[in-house]
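Dropping a structure here in structure tokens format, bear with me for questions.
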């Protein structure tokens, strides 16, 4: 979840603003750079070995998407930054992986940071920071490591599916962000399923005590997903209102569609948050119900046998003069009395619905 | 409740924006199209067999309502979309059945999505998405499947009841939405009754443990109805403020009336939400009260008979020299003592109000 | 509290907008109409037998207050509506008794709906809907049934007390609304007393289990009073900002005074709401305290007598060789030991503060 | 705390607006009027016996502060009102002691109502309403009864300390309000101490059951202090933005300082409010912890002696053929077995950390 | 945490506004003043012995940072105030150490107060108030005592690291505030770790009763850190919008970066706040779970041995005619019956999952 790790943060304490320091923990990752350069007629798609190979794409008229994986390669990122005239604070944010989603509007480019959420094979939610720079004719994207949700975008560019090849760079940024937001839906779905799963486990009583901790962890997870997604609404709404040739009017309709999806995701998250709070209450009543049951067993056993034991105790006394002891049928009569008492008690508890 | 279903969502992952994919689960429904074409003097009302039959209605001066049931028929919907110049994202939203209520204002038409809520024969709340396109002289409506709340509207158009035949298309959209909102009242009523029913069940103590799960489910239901209704307020208020010949000033008074009803429904929902939260607390105190009762029975039985059994135990001892054993009336005196103790105990618990 | 009743609502389902249908349950009430017509010099005050008698008052220069009791008389109300050019939706709202407080500003009149709250002889809070139409020179008021809080207003008009006879219709509307708002204070006072009463009952422990339900009902009552009062703030604030000859500037100071009172009432309601929530917690701790007490009695009794009974059991055994049985003072020594144990136990529990 | 008292409120029901009725309960207080009249050179300071003595101060150029104690003297207050041209609603508010803090801006004066909070000798928080009228060259202040927080202000005026004698009436109003707000700090401090005191009492376990009620009362007190203080922020902020010669620009810096203090007080109150809510939860866990302890004692006693008693019971049976009874060391062996069992049990409970 | 201390506050009651009174508790601290005076070419850095040595720096063109430690030296601070024309209220705020974070914009300087948070060697969070005055070419800073987070800033100025030596005074203020905000990250990290630590302690069951108080203290700590940090967002955002030569446009980008960090910190704090609330619930369920276990032990012991004791009691009775007593194998059969019962009971409890 990209939570703030102690040691990394401290590394940044005392550094000058704009210091480009990678704060993540994947420092041994290999650098990977790919470029897509296209217009309506053609599309070049290649892996670059050298940061310098990027530079040629800046001024040509075709649309270019350059994607870089490996935020630990700060030198290369600084070189790109210099070539594209990025502000030092932008470079600092790109490699600070606990940056919250935001947009910064500069004169000749937009800088967008957001969180790409997806599940790994263990259904753990992975949050990877992605930064975009949208300039005239190009989009730069920066990811912490390999693996992303953009494969269908690559496919659409390569084979000219959809309208991407006929549109400008603002539309390219849109479909990249759309791919990320589409994945949020599967994240919240899996959160929803987890909640329902916990509910039925608690309800069925098949819980061990760790449910306590599990609920707390789920709560934390929902709060963190919330924090990754909610600020993005403001980002999109700023893009929609942005006034510059970087964002064309006809593309704004598409951004409005992302905004719409984000609202939907947000509403779901807030419902989940509310549901989780009541899980704990639900668990508490379950515990109390179980204690009630334990108490009933004890009470029934004790209430039935303690009086009977008392009666037996009476006739175990050693007084010289206890007339009942000498009647022939005393013993059997007593058994009769005790059985009647026993059945009476059972009937009483039955009526009280304790049995 | 039209909640996000895992498989369907995933189907959409990676698709280009504007892909018209039906996300519901009623894929075998037959297509049904009906058209009402009227002015103050006459009204034509027919079922259409062909999507192409719709097209003639677009440019004539009479008001036309075209209603389509069967969102699985995406090809036909795309044909309509092309003919009426609808934006691809509009078509995508029409067939995405988990779309949240919203309005999109395009140059020559308004697009409105909302949720039609009604109860089926088992009193389950059904949420069906309805989309409207309001153009000059026409209203298009799209429903997932047959069955709706518009029968009285059809009747009023056919027989010229009320003022619908004297008004424009904006008024037609109004009475359709009004019919939907009027049904929200019966939904929240039934939610209110459910809450009161749970309250009295919990209060009377006639609850099995499933009440726990029932409350949680009710909470979820209220939250979902809330999510279906609340965004509609913004939609209506946008219509009221809309500046174009599509919405006439004199019709805005009517939309304000819907807005007013929505606020009323919303306030009710928020009261219900608050009431449900305290149901759980109420249940918890009920459980505790019941445990108190169980404990009292145990305590009374044990407190009365344990001391008496002790006394009996004393005179069951086998010491050679125990003077009381040999007095003639010892046994009877002891019975007296025990009866006095017994009554004293009962009196004590009576005074403590435990009996 | 005028809550939504199932059958009435359904009656309205499917009706054309502007249908004037009474939704209350007092359909057998007699119609009562009274008129006050006054200026600074004179005051006519009479009961009218005929709706048509109202019409003459519309155009004369004196100020007129027409009050109608009996919303079931929809025909008469429609006649008035036609004569005063009221919008059909206004008429619909007048007779829809679960309308939320609101103001609608029309070209030549203002329409205000609000709730008159008062307590009947059983201290039940009654909510009656009152509608006002403020036109040039006249105020119309519509009530569901006889009985209101306006008697002092009638008195002031008749006898020229205060400044009402020297002012315009906007001031008349003001003193009518002021009379209603003044009554809100006694309503919230009685809610406050109820809460304090519950608190002391719970605290003193003199509660039966119905307190549970009582708290829930009180919560519901506070939420409903809240809903009746809160929207009125917006209504008054809209009057204050209203720009037309209907509301004179010098009268706005007076409306600001009502606004001020409403804020005060609202703050009280929100404090009550918060207090009620903690009543439940308070009750829960009370139950737990009581269970603690029950458990202590049980534990003390059991802890004292179970070990003593064990000792008695030992000397009730029938072993051939048990030396203690044959010593002369064994029995008395044993009694001593048991008494010491008994006192020791008592002392132990005393020190633990359980006694 | 100046809470709404039943009888007083009802007294006002049905009265014309602007009726000057004292709503407090100190109706036998003597009237006290004092006047300070000063400029940079001199200062007159006298007690007035007659309301009419005030009038001379209105038009002279020196700054005048007139303070009146005794809101029950409504006639005198009305005389002042007439002389200074105060609106009837202002006079009504001055003597309505449950008025919420507010500012009313009239053409030639400002009217401010607020709450003076201080603690009496029993540390009870007293809330007294104070009203101010700020005109050109004068400030009027109205208090319910004798005793206030203005002594240091009087001192500063008399002896020309600070800058008050060099400034206008707006600065005089400022230092009066500043004195009131400064006292809020000691109120919230004492609330904070109460909360910490309750916390340690609950934590240490030295609580009787009344803690329940105490917490509820504290909650109510905090909510009421909150209600007395929070609206004042809006009042000050309105003074800061007020545009008229009544408030000079250079004085606004000082009002901003009060605002700043109010925000600080408000933040503290909201923290206290949150802390109080968790006191109840803390108390609840304390009760449960105590019950746990009680249960452990019972369980240990019962679990140890019930099995031992059973064994003793076995050898108290009267079967003709029970071989153990006749072995010479049976009795001693049995003792050994029972002691081993006893120690085993103790060890078991020790290991479970119940001892 | 700089919480309001009773005695200090009272000291200020009744003082004239602008009275420069130190409200902290470090009144014996030595005065320490240091000055940095630099431009792109050179940097003077010296400790000053005399307040008067500061004055020369005011009008020269180089950028000057003067830092003063020791708020108890009010006379010296007043001298500085007079020389730099600071408003009396500014001086009052500088030495009032419980001032909330704020900005005051004066004509020729900005005054900023905020809280420097850091942990001492015991991991206690220390909050020290720092005030800044930003004028043309100079920044003044005031601290309560020695020790701060500015060492890296001093280093950067001395050795010309980063861009500080090439920028104006607004950038100097920025890097000082940035150093403070950077430290907030380590504070919230340590809060986060504390919460997780409490969670695992509660979950593992290794809690003594003081956890109760610990949670309450942690809650208070989070609320206080919140109060120290949240108002700073408004401060920064006011700097960003400030229009005067004091803040250059190119520096605003840097302030936006601080703002961004503050939002991130704030979000974390609010998540922690929510997590802490559920700690208490988690603890409560843990207690209840433990009570359940205690009850189970008791119930199992009692349910098994009470019936067996009853049976033994039966055959301890002294009736003359009890046939079973005289059969040869009665005793052994009885043992068999009791062992079967015993095992049956164990099996029953096993199946109920109580064992």
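As written, the chain order gives the labels A, B, C, D and E, with residue 1 at the start of each chain.
Operating definition for what follows: contacts are C-beta pairs under 8 Å (C-beta built on N, C-alpha and C of every residue); 3 or more make two chains touch, one makes a residue touch a chain.
In UniProt terms, the chains line up like this: A, B, C, D, E = Magnesium transport protein CorA.
Note that the coordinates shown come from a computational prediction; the quantities given were computed from them, not determined experimentally.
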Given chain B and chain E, the chains that contact each of them: A
Chain D and chain E: spacing of chain centres that average the CA atoms, whole Å: 26
Gap in Å, rounded to a whole number, between the CA centres of chain E and chain C: 42
Sites on chain D at which at least two other chains make contact: 281, 284, 288, 291, 295, 298, 302, 306, 309, 313, 316-318, 322
Chain contact graph, described as a line, ring, star, complete graph or other shape: ring
Chain order around the ring, beginning at chain A and proceeding next to chain E: A, E, D, C, B
Chain A residues within the chain B interface of the complex: 151-152, 156, 161-164, 174-175, 178-179, 182-183, 185-186, 188-189, 192-193, 199-200, 203, 253-254, 256-257, 260, 263-264, 267-268, 271, 274-275, 278, 281-282, 284-286, 288-289, 291-292, 295-296, 298-299, 302-303, 306-307, 309-310, 313-314, 316-322, 354
Chain D to chain C touching residues, read off their complex: 3-4, 6, 9-10, 12-18, 87, 89, 98-100, 102, 104, 209-210, 212-213, 216, 219-220, 223-224, 227, 231, 277, 280-281, 283-284, 287-288, 290-291, 294-295, 297-298, 301-302, 305-306, 308-309, 312-313, 315-318, 322, 324-326, 328-331, 334
